[in-house]
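In the two complexes that follow, chain A is the common piece, with chain B as its partner first and chain C second.
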Partner chain A sequence: MESLFLQQTLNGLIIGSIYSLIAIGLTMIFGVMKISNFAHGDYSMVGAYTAVFLMAWVPGWMGWVGSIIAAAAVVGILGIVTERLIFRPLIGRWTDIDIIMVSIGLFILLENLAQLFFGATPQMISDPFKGATVHIGGVSTSVLRVFCFGFSCIAIGALQIFLNRSKLGVAIRATSQNRFAAQLMGVDINLIYTLTFWVGAALAGVAGVLYGTTFAVHPLMGAMPTLKAFVVTILGGMGNIRGAIFGGFILGIAESLGGNYLAMEYQHAIGFFIIILVLLLRPRGLFGAKEGT
Partner chain B sequence: MKTRTRLILVAACLAMISALVMPALGSATVKIGILGPFTGSLAFNAGEMKKGMELALDEVNAKGGLFGQQIELIFGDTEAKPDKGLAAVKKLVTRDNVLVVGGGYASSVNIATSEFCHYEGCPNVVAIAISPTITNRGYDFVFRTSPNSPQFLEGINEWLAKVKRPKRVAFFMENSDYGRDGQKIWEAQCEKIGAQVLDRLYFEIGSTDFTAAISKLKDKTPDVVFNIASTTEAALIQKQAKELNFVTQWIGVGGQFTQAYFEMTGPVSEYAMGSSLEPTKAMKDPVTAAFVNAYQAKFPGSRPGIFSSQGYDNLQVILDAVERAGKPTGNLAADRKKIRDSLAATNMKLSQGLIRFDKTGQVDTVFPSPVQVQLDNNCKADTQIIYPAERAAAEYQTPKPWDQRRCK
Partner chain C sequence: MSKRLKHRLRSVAVVAALLILPQVVQERYFLHIVVMAGIYTIMTMSWNLLAGYSGQLNLGHAAFFGIGAYSSALLAMKLGVSPWFGLLGGGVIAGFFGFLLGFPALRLSGPYLAITTIGFAEILRLVAVNWVDLTRGSLGLSGIPLLTPIRLGSWGMEFYFERDYYYVVLAAVVFTYFCMLRFTHSEFGVSLQALRDDEQGAQSIGIHTSQYKLAVFTISAFFAGMAGGLFAHFTRLVSPDTMSLHVTFDTLTMTMIGGLGTTAGPILGAVLLSLLSEWLRTLEDFFRMDIRLVLYGFLLILTIRFMREGLVGVVRALKEGFSSYGKGRNAGGDHD
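== the complex of A and B ==
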């Protein structure tokens, strides 16, 4: 019984770390540009396909590490392209709901393009740890999942340092707090927009490689991460990075423990149940600023 | 500017009209409509069905085609959604004027499309769907070349009662008609053989992380887990069972054993079972073996799975019925009626076995066998028939703990 509880907590922590990694980009983009990008999970899909192609060419460890870098580069560029061509021209001119519709359009477009070019057959990114597993006490998991957890934590930590210590990071946070004040202080808003999209998309791309290696790669794989990232973002407070980090872990653990002790068929509904509670009790999210501050 | 817009409009209208008229002018072909989810999450399985059909088409064309005319397959994409399926079948039956509608995949879609075909008086031969509803509504234009769910699980139920006799079982299935349909049949069987059901867990189609559910199953230590899932989910469940060091006898309906499944799981799928019409070479049937060889010659490196075989048989049955009905006269309603009558008299040996329809249009001669995934000397996984003895190509193997398995 006790080992089951530990096992479920571990399952939740690991999946939660991937949720956080995807949600951070989404919440950053929302914070800076006030855009709800429903195509965010598809950046992960593109990242995963980058890895599929690179791994076919360079197999093994080298290929996998290379894939993570290549996914960050390819998806980062895709992020910049979508920001410049699609989102920036719309900001300020169209309403939020229009931009949401455009991002849903982008999501459908990317999914269908992927199906057209890569086919619908699910593909695998071969596991560099060759499926090795670890068993400690009554608790088991794969080495790959442990790696994903560690990698996500390091990536999240590095991003935090960048946002808190570097000048550009501070500029991003300033823009997120107040776009116009930041502009008055001499922050190049357009550069910050591009930078935010680049970092957010690249993180989603890297998460896509981890997600695709742990699970499978197919054109529709982006939908689930998008959904989870939105749950996490609303849970932690829209635009709040710390909220996204903790929100990811909270969602992961709530899903696995809730699935175990309540009902497995409502596993994916648990996140939405929590959202309703949070929106009723703390409308700005668990980590969001209080009204009026 | 205004004249130019008007000219463009006129040109567009002309293009549309010519697109409508063209097929009507060139109707010297035998037109067959094929439904299937060619896009969406089941597209890769529909692709396998289509490959089987291409092989059937090649074979009939090589023998000179039908009545010296070319056979034209017109594909309608259902996206595995009943509403899209209805739109596609309406176009095939009323605009493309096909003689007969074949293919079809997913029960919920075919329940809707077959009803439409029946009321339009167009024969419909369903290829891949196991819900009993499709053929038990008394629609005399509806046929099905795949077994329904009770037929599908008959062999495995016999094996459970006579060989495995599990005491503790659990259910882990897709939250859909497919999942709950299979569950109903197995629940009844468990009651009959006195097996205790420890838990019933459901998952949503499209889920990727099953660790919470598998951890819960592991805690209950069942002898058998009935896992009703499609390819992607079933493959991920096998991989995650290994990660969580969980050993049990997994039993699925059988549709999950596709080429993609084996590519995704590799040796991890060892010992998994299902009920299958898998046309592997191990089958002692010469017609099936010929199909497997022809398929692999046409698609080198491909593994003919159940859906390729069902697609092949489906189109063969249709073309055979069209041929026996005689050259189409051009009176569509009468031609369709003649084809319906010749379909009812179908009696041919194909890759799944003998195909003959009962009074409801349900094939009653195809019986899937229980199969188990076993590994060869190179750790390559494939399904083997393990029951009944006269058809079996291998013995049943009890799942071993992960650290004692030969292939990692």
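== the complex of A and C ==
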């Protein structure tokens, strides 16, 4: 009984780390540009397909690590392209509705382009560790999941260092806090926009490889990460990066435990139940930033 | 006065054309598409009232459609209620859920409201999938009864043919259209637009914004539920997919492309996109793939980028272009 609890918590932590990774990009983009990007999960989908193609070419763990890097590169470029072509032209005259609609348009477009080019059948990224498992105490998990967790944590840690230590990182945070003040301090706001989208999309791409290896890869897989990332982002307060990290873990564990002890069928709805509660009680999220929207 | 007369004549012509349509084109498949377009028109008009006129970004509209469809089907199948009352019942039950969803909307806006409404629809979809005793789960309800025949002397409607459904759906569309027109061209509609443009400002001049929000959610949900009921008795099959995100996305794409916040936009969008997507299906052999949704996404992005009032805005711009062309100015715009 106790080991089951530990096991589920561990599973939750691992999947939660992937949620965090996706949500960080979403929350950064929201913080800096006030864009709610409903196509964010499709960056993960494209990342996952990058891995499918690369690993058909270079199998094994080398291919897997290589495809994580490749996914970051490919999806990073996709992020910049979408920012430039779709979001940037709307700057200055958008409303919430416009922004959400245009991102839904992008979501529909990417999802169906993927269906055209990659076909509708789900594909598997073969486990680079050939299904090996590890046992610690009373719990066990696959080596793959340990690596997924490890990669997520490394990426999150690296981002934290970048945001806190580097000049550009500080500029991103400054823009997120107050765009005009940042501009007055000589921050090139357009560069920050591009950079934010690049980093955010690349993180989602990496997460896509991890997510796709754990589950399956198909053109419609982006919807779920999008919704989960939004749940996490709202949980942590939109624009709040630290909130997104904690929010991801909270959602992962809540889903895992809730799915096990409450109702498996409603596992994917648990996040929505939580945010409806949170929004009714604390409309700015658990780690509520003072200014939002 | 002559303008008004012209307007009247045009309305009469449109209605007459719609009434004879099934007599002219008798192909059942075509009529099926037109009926579905009509059902979607009710969806887009009701969504437009929420999103276009009151600025409430509801991304859970499919839930109301599904609630209406399931309620209407179950009332007829389990309780033996006449489908005609079932349509109304489906609308009322959906309206009740709309009222409930109005409460979070009192405090939330923008992305927060969008996600809450998506969550609402996803939770209901999962209920429909898992409450197998009532809904038969993912299999869906099948064998939903047809609308009961109407007999008036020698004239009657049997509802074995698409043609009969066509007239019922046409009546429903016209009814919804006039209701929307009443709502939007009244104090109620003006207050909604004030609420959309400046909530605090609206409050400060004495508009009870919370009452208006609850009212508009209820009304919008009622019509979406009615559309769901029509769908149930027409296709005779209701599955949890009726509540999926894609139904909402289809609805909003049609509305946006037609013209958000305009009277004609939702109708134009729903009808044109329904016909367009059927036409694209015939081209499938040529493209060797289904490019319908790719086009939807593409058009949606273009609409927001270049023509914020959708097709209605384009038509307006063209008209202005033509009239100013006569005065020797440059015609048209760079709209495609």
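Here, the second predicted complex is superposed on the first by the 286 of 293 C-alpha atoms of A that agree within 3 Å, B and C clash if a C-alpha of one lies under 4 Å from a C-alpha of the other, contacts with A are read in each partner's own complex, and residues count from 1 in each chain.
Just so we're on the same page, contacts are C-beta pairs under 8 Å (C-beta built on N, C-alpha and C of every residue); 3 or more make two chains touch, one makes a residue touch a chain.
This is a predicted model, so every value here is computed, not measured.
Enquirer: Check the residue A:Thr121 against both partner chains and state whether it touches chain B (first), chain C (second), both, or neither.
Expert: The answer is first: A:Thr121 touches chain B but not chain C.
Enquirer: Classify the contacts of A:Gly131 with the two partner chains as first (chain B alone), second (chain C alone), both, or neither.
Expert: first
Enquirer: Pick one for A:His268: touches chain B only (first), chain C only (second), both, or neither.
Expert: Touch partners of A:His268: chain B and chain C.
Enquirer: With the two structures laid over each other on chain A, which partner does A:Ala223 touch: chain B (first), chain C (second), both, or neither?
Expert: In the superposition, A:Ala223 touches chain B and chain C alike.
Enquirer: Name the contact category of A:Phe107: first (chain B only), second (chain C only), both, or neither.
Expert: second
Enquirer: By the touch definition at the top of the document, which applies to A:Leu168: first (chain B), second (chain C), both, or neither?
Expert: In the superposition, A:Leu168 touches no partner, neither chain B nor chain C.
Enquirer: Does chain B (first) or chain C (second) touch A:Ile86, or do both, or does neither?
Expert: Second partner only, chain C.
Enquirer: With both complexes superposed on chain A, which partner does A:Val52 reach: first (chain B), second (chain C), both or neither?
Expert: It touches nothing on chain B or chain C.
Enquirer: Examine A:Ile69 and indicate which partner it touches, taking first as chain B and second as chain C; both and neither are also allowed.
Expert: neither
Enquirer: Please identify the positions on chain A that touch both chain B and chain C, taking each partner from its own complex.
Expert: In chain A, residues 112, 115, 223, 265, 268 are touched by chain B and also by chain C.
Enquirer: Any idea which chain A residues touch chain B in the complex?
Expert: 1, 4, 7-8, 11-12, 14-15, 112, 115, 119-124, 130-131, 133, 135, 140-142, 145, 211, 215-216, 218, 220-221, 223-224, 255-257, 259-260, 264-265, 267-268
Enquirer: Under the definition above, what is the set of chain C residues touching chain A in their complex?
Expert: 51, 55, 57, 59, 104, 107-112, 114-116, 118-120, 122-123, 126, 129-130, 245, 249, 252-253, 256, 260, 289-291, 293-294, 296-301, 303-305, 308
Enquirer: Mind pulling up the chain A residues that touch chain C in the complex?
Expert: Answer in residue numbers: 30, 36, 86, 89-90, 96-98, 100-102, 104-113, 115-116, 223, 227, 230-231, 234, 238, 265-266, 268-269, 271-273, 275-276, 279-280, 283, 293.
Enquirer: Which bits of chain B are touching chain A when the two form their complex?
Expert: Residue positions touching the partner: 39-44, 47, 175, 201-204, 206-209, 211-213, 215-216, 219, 231-232, 235-236, 239, 242-245, 260, 263-264, 268, 402, 408.
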